[in-house]
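Structures follow.
One chain, chain A, links the two complexes that follow: it is found with chain B in the first and with chain C in the second.
So, the complex of A and B:
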């Protein structure tokens, strides 16, 4: 398998269906499993809560809860019982999905190929390197934004935002298009930012993994093998920051956009 | 040798930049790009509706570009205001 084929193989999803109705089975399976992991862990922790002497894991989870709650307080103007749980879910889920990027790129595809007996079976285990995942999440947030805009501002209040913003009452047609573009750009920027960062990160891991291909050359392995380990370690440490930051940005911008939807119409 | 204590020279009423503004600034670049792309998407849909390809496609792309620039300018202006305020505060203390 050549370099290009290797990269293409790792960036192709295991899918069924055609055209619009293509389902990326690996993306769906991994994201559902990670979501289930959050639910099961939360349920188990909820049953074993200690108020007097909380254990290490409970302390760790409480620190995440505090972190999210502080951010919601800072970035969200009003009170809505949905926002904090939503922000927490987004943060944890996106972080876990991003974390899959740190697992060695060949490990799961190789195991999957062994299990299925198909040496060309596709498997991409990082759901956030699939634009479908990030767009689905951001569109869900977008639906909530529109819902709260209607609920808080009312139909006319929301329509006024389209009619008179940003150029006042004399440029209504332009205002409508501009506000429409602005609204569409919100989920788009959320989705593209997360997808772009994670896809690029995965690609760098693949390029570093390709260095191992030169091991077959012989004596050169003495140079390339340590270099690959070093580069992988460096990128892994840096990427650990990236995955956390991206999960954090997705969460905070969701809070900010929902906060903007909760502002009364002027 | 006496090194000026930076912590003490900080004006008491210094207001740290709002975290919300900072978060939005993190996404200023991608927001600009998204505005341009969103412009083209909205334009394409309008052209599809009215059968006027490529009038709306191009004009909405330009509007997206203008809107993106305006958004980034508004965000960075906010940061400028904070920097100016901080400078004024420091001058007043001196």
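So, the complex of A and C:
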């Protein structure tokens, strides 16, 4: 199997359906499983909540909650009970989905191929390297942005933002185009940033995985195999930072965008 | 990259997850944390209040103690005064009693003395009469010589 085939194979989703009605089964399954993991863990924790003497895990979860609520308080003016759970969901879910990137790239595809008996079965276990996932989240956020813009500013207030922002009343056509670009770029940049980072990260993992496998033949493996392990470890540690940072950025930008939507028209 | 119906599934999954997270994670836990915060601040203010009250109570106790001490001092002084008064009184009374007893004893003695003297006079008179009888060898009429006898008795 050549290098190009190897990489392409790894970056293809296991899907059913045709055209638009294609479903990426691996993306859906992994992301739903991770969501379920959050819910089940939360429910199990909820049964043994301690007000006065929180245990280790409750402390850990509380510190995450605290972290999220501090960010919401800093970046979000006013009060909306939806924002904090939304931010928490984004942070936890995105982080977990990103974390799938740190699992050795060949492990799950290999196991999956063993189980299904199909040596060419596709499996891509990082849902955030699927644009559908990141765009789904950013579009949901976008819907909320539009909804709250209408709710807080009112229809006319929202329209005024398009007409007179940022250059005042003498450049209305330019204003409309500028604001439109600005608004549309919000969900797009959210989705593409996360997708791009994780996709690139996955690609680097794949390239590192190729070092020991395809390049090394015979005695040369003695040199290439340790190098692969070393590089893999280095990239893994760096990537651990990246996945956390990306989850954090997605969360903070969501809070900020929704905060902007909550500002009164002026 | 191909955008397809997976997007719709993921949107639904995302919204459901937000709902679930709010229901089972954010809701209960943030309420718990708020409760705890409230309890802690309540506890701290209660402690502060308790400290203040303790201070007040201590001050009050000090005052009461001081008052009690002065009162005790007063009572002690009064008692001492009263004691010495009683002693003085008793002394006076005792002296009076002693005087009285002495006076009555003296009176009794004088009475006794005068009684004895009377007795003695009578005795002496009769002795004198009987002596005179013996000397004169005849009866002396007591009635006739009564005046003489009276003078005699008185002179003794």
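Heads up, the rule we're going with is that the second predicted complex is superposed on the first by the 263 of 266 C-alpha atoms of A that agree within 3 Å, B and C clash if a C-alpha of one lies under 4 Å from a C-alpha of the other, contacts with A are read in each partner's own complex, and residues count from 1 in each chain.
Keep in mind that, in the parts below, a residue touches a chain if its C-beta (ideal position, glycine included) is under 8 Å from a C-beta of that chain, and two chains touch if they have at least 3 such contacts.
Since the model is a prediction, treat every value here as computed from it, not as a measurement.
S.K.: Aligned on chain A, chain B and chain C: do they clash or fit?
M.R.: On the shared chain A, the partners fit.
S.K.: So in the superposed three-chain picture, is A:252 touching just chain B, just chain C, both, or none of them (first/second/both/neither)?
M.R.: first
S.K.: Tell me which partner A:181 touches in the superposition: chain B (first), chain C (second), both or neither.
M.R.: Only chain B; A:181 stays clear of chain C.
S.K.: Rounded to the nearest 10 degrees, how wide is the angle at the Cα centre of chain A between the Cα centres of chain B and chain C?
M.R.: In the superposed arrangement it comes to 90 degrees.
S.K.: Looking at A:154, would you say it contacts chain B, chain C, both, or neither? Reply first, second, both or neither.
M.R.: Neither: A:154 stays clear of chain B and chain C.
S.K.: Counting only touches as set out at the top, which of chain B and chain C does A:78 meet: first, second, both, neither?
M.R.: neither
S.K.: Looking at chain A, does chain C or chain B touch more of its residues?
M.R.: Chain A has more residues touched by C than by the other partner.
S.K.: What is the contact status of A:104 with respect to chain B (first) and chain C (second): first, second, both, or neither?
M.R.: neither
S.K.: Taking the superposition as given, does A:168 touch the first partner, chain B, the second, chain C, both, or neither?
M.R.: Neither: A:168 stays clear of chain B and chain C.
S.K.: When the two structures are overlaid on chain A, which partner does A:189 contact: first (chain B), second (chain C), both, or neither?
M.R.: After superposition on chain A, A:189 lies in contact with chain B alone.
S.K.: Please give the least Cα distance, whole angstrom, that chain B and chain C reach in the superposed model.
M.R.: 15
S.K.: Which residues of chain C touch chain A in their complex?
M.R.: 1-11, 13-18, 20-22, 24-30, 32-33, 35-36, 39
S.K.: Under the stated contact criterion, what part of chain A meets chain C in this complex?
M.R.: 13, 15, 17, 19-24, 27-28, 31-32, 35, 38-39, 42-43, 45-46, 49, 51-52, 61-62, 65-66, 69, 82, 84-86, 88-89, 92-93, 127, 130-133, 135-137, 139-140, 195
S.K.: Could you please specify the touching residues of chain A with respect to chain B in the complex?
M.R.: 71, 74-75, 166, 174, 177-178, 180-182, 184-186, 188-189, 192-193, 196, 249, 252-253, 256, 259
S.K.: How about chain B: which of its residues touch chain A in the complex?
M.R.: 19-20, 23-24, 26-27, 30-31, 33-35, 37-39, 41-42, 46, 60, 63-64, 67-68, 70-71
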